[in-house]
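Below: one structure in structure tokens.
Labels for the chains are A, B, C and D, by order of writing; each one numbers its residues from 1.
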């Protein structure tokens, strides 16, 4: 039988979470190539939206793609190009960020960015008795960042939690370190910090440690980085919980797509991964010691 | 007179320190020098003369390791020598004073002099020692700049002296001077020539290039003549007159250098409005309260020593440097220039003394250089007329006798004198009614000098007017109707008719009848 | 006396590409050959069309950069300027669409052009009147434009109105006689630019200013005006690129055009323009842009480079391309 | 005769900072004043110490860049080189720690130094022997180093071994008599650099090569050697910065040092070094690095800039700082 080609197009590893995506995508490709001789999975990473458009154009121009698994850099910019691939008859699996036109996708696997922000906010509202001063670090101006912030704002709405300050730290631990130092210099009383990604949380924790300040009761992140999960498992008082946004979702997506071909049964629909709070109790489940993330 | 070749050297003299045998040089296939042999003995001054583009500078660069010969061999003390880099030649005791100024403008005089051979003690630069050595060397050749001055801030003439100081530093066995006096005035030339004689006395072998044949007559022991890249011969300088040298260079009898002067009476009678009147010119730091009048059809000379402020006066006039004027009238009409473009439109052209730094784009071909200041002339509606531009270049090459080996050449590949002619052609393209020429014949050979003089004469005969700034007194005396002498930023005297003599000009340029300092600047520094 | 009869023949310069300028084209040819050896699909008409079409944006912006660099300047702000212009254009079109329908598209293009010329003027005046090193001046405006697009999008995305999308689509995806429109546009821009640079007074002055500011000044050229105009041309080119770009991605985001400035400068330099000014090569720049896009394409089409190392291989290829370009000179 | 006694006193360059070079310090003073007016906390000892300590990395790298730029080069690879060196160092220390314990730290530092000198040598030889425009050459190596660190970390993080963390921590967080160690290190580097640049043959030649290559070559200086050495010095500075950096977050990631090159060049230029070479100002560079960090700090401490517009305001301030620096010159 003819070999089926599944192309996987994902962002290049430019911070921890995307590194996790790349790790899982590669690992999955290896597994499937080994397990299903009739299926070839190729993984391509792209550093920007326009590079991603180019990459999928290149892939479809030079070979027949039976399926495309794509984690789009941005929804708007990728919608048209993916549609063009779809029109050539490929099976389309969209991961994480939905395209603007949901009719394009055959399969949709996603985490819930709004829930990442929302659940973290709810945790803080509960544990802080509905009041306190917060500072927030956000990432790179993109949809994900936007959704998480939106979820967070919705989550604290109605409480007396107050966001003192919110700034971009580009999902970069260094910049987060500096930003947190400056927050600490600026605000004498900070009750909790939320960095919308764990890379940044590392920098935040380092800055807090250096300052020796004791007023910060919680410093939370998001995404499920293994270093942070370790903290949760160790019942760290400042970082007792974590919200997953597991990069392993790409694995799920690739397996489901492969099943469409290998299982001789159509796989269609959408699958939304929850973003439940990770606590000491369930942390084990989210811990991948081998992943770079 | 017979050609006296090296082999005929009188017995008893030491053997040659540097000898070249059948040197040839090609630049990308174009042969600019062939079959040149010459030798240099300790304690002699050996002059090399030839027309612009004859290959003198190329020969000097071969001898001092800046270029590698395509053919031929160099011998040092009788043994074949190959210089892989200039440093090798330097190590062998050969120094070259370049025709073009080669100094880093952003660095100080002392830093420039010691580039590559800085004095250091235990790895730490000894600034004081370098400054003192530089000052001593500069003083010896009569250069009045401070070792701490930035090269950017000193005049072209002083840069040349700094370059000479740099070459003379250390112990040299061979010193090659490529037109060292081209940018110097009378008063700076004498100390330099004294230095050269002193070097000779110490047994240094000296190669000397100059277009000032009287200097050659004064200094040289032997003279080698080049024409079109070939040797005409090497001659004993004794009894070789400048006129004879000129004939050997051009290959025909050479008549008179200066054209017939125009009738002074005619000039005096012409009571029409002056071509250019300047009143109360101030260029901060350089020029104080200068007024002058250029009559129509006149050639007005401007003499002065280095730093007299002549160049700055006219750069100020054209809006090239901050300046103020009580009044400027062009053909009777009040004007004020804020850029050379505007001046050109009104018919005033200025030819800079610094052809390399301010005159030509050395990396650009000839035609774009020619038309750069007059692009409107080659710009009909449909874009640049390249054919027309090429015609202009042809015409310029013909009327200014620009010698080039390849029309594809870049301006920087022309010989120094031919660059000057190209620059003249460039300024003339705007057909100015008032032409200000700063050092018109700097580096130009004698035959072409007379062409340029004739050219300037023909300009004024056409009713144009001309100001000539020059450091060559004879040139001013031979060419001009009237000479203004500047000193320390002011006009110190006016000479006309029979009063135009070298001693009068020199007196005016140096005497401190008005012994004032220009505010804001230390003249002696 | 000069022997004019024997005077050497005239140099041909201008439109025709001299042998000395063949460097970037040789590098391109080498790359295409390697590409073909690695993966024969590389030369499929489809792939070639895709790659060349994609290179149009960088090519168009880099043509503008050729002027800036030839005149002795540098513009780091082009990438974020492109993002900003895209944002302005989309906002304007979306605002106008309800009232004027698809006429919003040409209006939006005009708005983009005007805005980008203003941006270029801003860069130019900071550099010439403010007398600030172009590197720093445009690094500053790079931050400014990037912040403006972030502000306009509130950190998110502005997508083009649905009603305009189909009407606008052909500007990127359409073709004339089989040649994609962006290619035609960039050829047109290159033709005009080559004309301006090689055949007009302005072009001459631009190169003269880059080669030696003093000589230019003494030749009566207004250095500030020439430099500023180069930045304005750069702005106009960014607008043209943005106009072609919008239908491809259909949206402006704060990450649009990120690091394009580096690609643009690389394309210009690979093309043979001297980074210190005084020499501009329009067609070389176009070749440089295509080379860069081919390298990226090759990375996707070849299978033996770990995706972590793509940037390394690209870096090596760029250096090799420069070596080929250099060596071909002499 | 030259009257040396009467020679006008000219700015002595070297250790003492001449008035003409005061520009960056004036800009810094202006910034501090504005900062204080906006938020008095700005001048709290704690904040100042934080900010100046943070600026140490950029300052140290920028001191190296002062040599490269003064000699007429440019190095865009410093940011990714820093990341790569950090990665190599951590990997080595983690590998050595089990056998040699905390002695792994000095060994790791040595490895970092050797590696970064090799990296600098690579840059230098590509530029001088390959005769490739430094901008392009180091853009290429920037990609290479970035890819290598991504590869080494698998796109993720390499953290320093727990057993070393506490022993190493003081290198960033410790202080001597209240002065944080990174500040001391950068002062020491600046002192040595100022000595080398202003007081040794090499420094003199470095500037000469940048001022006029031809003159340097005709004066018997090996231009290639001087330029290459400048890149090597740059490499060594990157290593020193990396050594101070590692204990801060204890990890290397593919985003470490991202865009540092732009900050470094900006610091150098704000400091008064000419981007076209021929002039280097070590202390100005240090001031430039502190200025940049203060600007970023001010953005956070002030309340009236929308988070979206931070980059714009930073851009404007950088341009204004350059204007102050320029105007103070004459």
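Everything that follows uses one rule, which is that a residue touches a chain if its C-beta (ideal position, glycine included) is under 8 Å from a C-beta of that chain, and two chains touch if they have at least 3 such contacts.
Protein identities per chain, from UniProt: B = Sugar ABC transporter ATP-binding protein; C, D = ABC transporter permease.
Predicted model, so just to flag it, every value in this text is computed and none were measured.
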Interface with the most contact pairs, given as the two chains involved: C-D
Farthest-lying chain, centroid of Cα atoms versus that of subunit C (ABC transporter permease): B
Subunit B-subunit D (ABC transporter permease) separation of Cα centroids, rounded to whole Å: 45
Rounded Å distance between subunit A and subunit C (ABC transporter permease), as computed from the means of their C-alpha atoms: 34
Distance between the centres, which are taken as Cα means, of subunit B and subunit A, whole angstrom: 72
Between subunit D (ABC transporter permease) and subunit A, distance of the C-alpha-averaged centres to the nearest whole Å: 34
Sequence positions of subunit A contacting 2 or more other chains: 12-13, 22, 138, 141
Residue list for subunit D (ABC transporter permease), restricted to those that touch at least two other chains: 150, 154-155, 308, 310
Complete list of chain pairs which touch one another: A-C, A-D, B-C, B-D, C-D
Residue ranges of subunit A touching subunit C (ABC transporter permease) (in the complex, touch as defined): 12-13, 22, 26, 42-45, 48-51, 53-55, 57-59, 61-63, 73-77, 79-81, 100, 138, 140-143, 145-146
Residues of subunit B that touch subunit C (ABC transporter permease) when the two form their complex: 320, 339-344, 350, 352, 357-365, 367-368, 371-373, 375-376, 379, 383-384, 386, 390, 394, 397-398, 401-408, 426
Complex interface listing, subunit A residues touching subunit D (ABC transporter permease): 12-16, 18-20, 22-23, 138, 141, 165-168, 170-174, 177-179, 181-183, 185-186, 199, 202-203, 206, 210, 227, 291-293
Residue ranges of subunit D (ABC transporter permease) in contact with subunit A within the complex: 39, 41, 44, 46-47, 50, 54, 150, 153-157, 159, 173, 248-251, 253-256, 258, 296-297, 299-301, 307-308, 310
Subunit B residues touching subunit D (ABC transporter permease) - in the complex, by the definition given at the top: 66, 85-87, 90, 98, 102-108, 111-112, 114-118, 120, 123-125, 127, 135, 138-139, 142-146, 148-149, 522, 524-525
